[in-house]
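The same chain A turns up in both complexes below, where it pairs with chain B and then with chain C.
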Partner chain A sequence: MKKYRELTKIGAKIALAYKFDFIVSIFTVPISIIVFYFLWKTIYAYSGLDVIRGYTFEEMVNYFIMSMVIALLGWSNIERVVEYDVLYGEMVLRLLSPVTYLASLFYTEMGLKAMSLLVEATPIFLIGIVFFKAKVFSILNLILYAIAVLFSIGLVFLISFLIGLSSFWLKRISGISRSKKLFLSFLGGGFVPLTFFPKIFQQISEWLPFQYIRYVPINIYLGKYSTFLALEMIGRQIIWIILLYIIAKILWNRAIRKFCGVGV
Partner chain B sequence: MKLVRIFFKAVTMELSRRMAYKADFIIRCFILVINSIISPIFALILYTTTPGIPGWKFEEFILFQGTLIFVFGFTHAFFWQLLSFTIYEVRKGSFDRFLLLPYKPLSYLTASSIETDGFSEMFTGIIIIWWAFKKLGLSIFSANFILYIYLVFLALVFHYSLNIITASFSLIFIRSWALMDILSSLVIFAKYPASIYHIGMVFFFTFIFPIAISAHYPVQALLSAVSYKLILFLTLSVSLFFYLSISLWNFGLKKYKSAGG
Partner chain C sequence: MPIIEVKDLKKIYKTHKRKQGLLNAIKSIIFRRYVKKEALKGVTFKINKGEIVGIIGPNGAGKSTLIKILCGILHPTDGYVKALNYIPWKNRIEYVKNIGAVLGQKEQLYWDLPPLDTFYLNKELYGISKNVFRKRLKLMVKLLNLEEVIGTPVRDLSLGERMKCKIILSLLHKPKLVFLDEPTIGLDIISKENFREFIKKINKIYGTTFLITTHDLQDIERLCERVIIINSGKIIYDGSLAKLKEKIRKKVIEIKFEQKKAPRIKLKDCKIEKSDYKLKIEIDTKKHKVKDVLSYITKNYEFLDLVVKDPDIEEIVKEIYEHEKI
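On to the complex of A and B.
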């Protein structure tokens, strides 16, 4: 257990070394919120409707702020780390350590997330409450949301790791990595709730892991699900995590057999 | 003339750098096209589920997005490296090599900065603009189109200045990857027609920090005649912005101590 704690500490220290890059999001994220706020204010006023696709304007603003909180916490560039280790042969050193590769990446990442919760996510949440009239709908929902966000971080981590594994075959993966963030937030309902998408798309996304990254946790926060349904949704998140973990294990075993540790 | 040669040299270098990993190069080009299509898809979702943005029909909004993608793509292709080079070299403390060359540092950096990613975005932008032109029945043989081209040109000058200003800040403050984040988030203001903002903000984005020129005013000029007074004012404010950026750059060069950080 001690070695995992040390890895987490390392992650937190990395975050501290780059504290300016973290703090800057306190300035940049509110800009996105302002743009979103004005865009939807205009649309709601112009349409004359109170509820569009199941969301009032107030819920919509809350939706976006919570989406930003998840974006800050769930952000991961693990695939670049894997790519680096493969390209430069650093993987050899990592394989010598007594912790499995996946675990060492995971616990370092958790250290980063802990810092990000302190200096990014919480301030943004408070800014949302003070300046954009975001509100906490109920304490129970907030707790369920926090749990769902935790699993959402796990999902993003595993998906990023899977993308990273592709660098064993494709070598450089800067292209895929570039669009990962955009795709995950688009398919996960980061821009607009998934109810705005065509019916067929919604049905497909029921069977994909992406909606559990943002759409589902935020809806839990907004109280769109009953407590029972919210718990079921969290259960589905766990099932997806187990599934992705198994896939990652299988692919990892195949990839490492291919690896020869010379760098490419 | 030598700068032109440097430019073509830079193009070949960038291409060979990217093509070193062929699979990644192809995937990257393909993905960048898809990336830039996401905002028109968002527009489609917006217009099928809501009445949209007042004063903007769907095709007009697509024209807006296409223009924006083109302007951003052009900026990406020709001005971005200028900024990332400066930030990177200043931090390493090796920016001096640009000062030793027989060219002005800014001209050299501009001529040698090129990024292939921007080209797929520009390409996508032009396709989208072409589609919107067809749907709206616009012709390229009209006075409005000349105004459109002129305003797009002004938009490019504006984004060039914005990159120079950020690069100057990196000369002054040394540690500055965060600046790049701030720059790219300021640009978000240009993503939707300026008419959605509060009237004070519209004034700010037109005359003081003329970011609304990125796509809003060019498309407005194309669709409905924009008064010549406004165009004059826009020209003035963009020129002022450009002048400011050059002065700031020169100030930054004077301040630069080649210590790294």
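On to the complex of A and C.
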């Protein structure tokens, strides 16, 4: 498994090559936190309620900060990489390499994530604790949250990869890529908890993979589930990952038969 | 034992065609007219271990389709290929561990990192042992004078340096078979020479088999004993360069004169090119004997110098491309 470690290292090295571009989010993300912090503060103050849709003010602030942490870690633009490889014939090079395409993309991406954890996610979490009343509800929940985030990263990666594969048929997918970002945030409960939406919406969400990206991990963090239920949720994440992985494999095999690698 | 065996290889592409214009573009969304394009129409050849073989042909002849099938990237429509005892497209991942490839037009190194990082990545990807890796890297870096280059980010390197690093990358894992696709594109004369010398050395030291596609016929002339010419999906010549020159049965006589305006020489069935102080006569040896032409010229004309040559490889190939026959 040395080769996967080396691929991860390459990802981290690429991230380091652009360290300043990377670090910018430390300054921009707190701005959205400030906006949401004061928005919720006003809503709770004027409604006179202590709990809105199942969340106290403190939980709501924590919800948003942990959502930002997942956004920084789980964010993936792998579909654009696939699109580029397909459109500009770079796929030829990928196919000459003795690792599967999926693996080489995944492990390089993990290298980027490791850097992101170091220079983005952790600082934002600390900023949240120092300035915005973020807190660790329990160590066990923090650990379970960390595991759930890991699988959340896997989910986003696979969904992005699947979208990327569509460029074998659709060619340019920059529009789809942009809407993906919005949809995943919305359906995943990135802006507000899913309990804010109508019941039917929540019921449908139960059958989709998206709530496991942010909503579920954050609720684990907030201690909204019993330990047993939290583990079950993680189990469901794994089932979704296996399912998406199988679909990705099947689609990849079809795509590669179609691929002609023109112009090399 | 041949290292590559290709039998009756065919590849048909399906592409859709449409007329130009916006309306036709909209129409083509619903009514797709597919056009079949035969890129390879039954290609057969064998390549033995340790050979350096050049594959040439005009644009769109099917060269890169052939190479891509041999690399395991493309599935052929029909035919049989066995390379290093693999069917390339069926066991691709296992197969590519044993081959190397330099694609002249593609960036194979990580753009933002020094080449050394990509070398180390390949060390792990191909499972090269530390000793072998060090030894080979040291040797190749020395042969190509790249000591100071391999630690600099690729984006800051020149085209020639990048190309040299790419060839090292493709050879680190000791591949038995290496594909070079336009390896000298964009290189200056000295770099090209170095590059060719390097390939020859590697071929000698390790017995590596090379398949080269190129448009620079000097590459072929310097490197390849054998050349395969492809045109419109078929092999039209497979053999040595020397034999190709013989088959063409042409000689060129170049004459230099003292006066600027060269005299007019009348010869039947010969192509005569005139320029200042010079004349170039192309003789078809099936129709004339060189000896006869020479004695005719020496008898009737005054000149400074006279040389009899084989026609340039460029001219031979141009003729073949145009007439498709040998």
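Annotations for the structure displayed:
We adopt the following convention: the second predicted complex is superposed on the first by the 262 of 264 C-alpha atoms of A that agree within 3 Å, B and C clash if a C-alpha of one lies under 4 Å from a C-alpha of the other, contacts with A are read in each partner's own complex, and residues count from 1 in each chain.
Operating definition for what follows: a contact is a pair of C-beta atoms (placed from the backbone, for glycine too) under 8 Å apart; a residue touches a chain by one contact, two chains touch by 3 or more.
Not measured: the values here are computed from a predicted model.
When the two complexes are overlaid on chain A, chain B and chain C sit side by side with no clash. Once chain A of one complex is fitted onto chain A of the other, the partner contacts of A:95 are limited to chain C, with no touch recorded for chain B. With chain A as the common frame, chain A serves as the apex of an angle whose CA-centre rays point to chain B and chain C; its value is 90 degrees, to a multiple of 10. Ranked by how many residues of chain A each touches, chain B and chain C are led by B. Across the superposed structures, the minimum distance from chain B to chain C, using CA atoms, reads 8 Å. Interface of chain B with chain A (complex): residues 21, 23-25, 27-32, 34-35, 38, 42, 45-46, 48-54, 175, 177-178, 181-182, 185-186, 188-189, 191-192, 195-198, 201. Per the touch definition, chain A reaches chain B in the complex via residues 20-21, 23-25, 27-29, 31-32, 35, 38-39, 41-43, 46-47, 52-53, 170-176, 178-179, 182, 186, 191-192, 196-198.
Chain A meets chain C in the complex at residues 2-3, 5-7, 9-10, 13-14, 17-18, 89-90, 92-93, 95-100, 257, 259-261, 264. Residues 13, 64, 68, 71-75, 92-94, 96-97, 99, 101, 103, 105-106, 108, 110, 112-113, 117-118, 120-121, 123-127, 153, 181 of chain C are the ones that touch chain A when the two sit in their complex.
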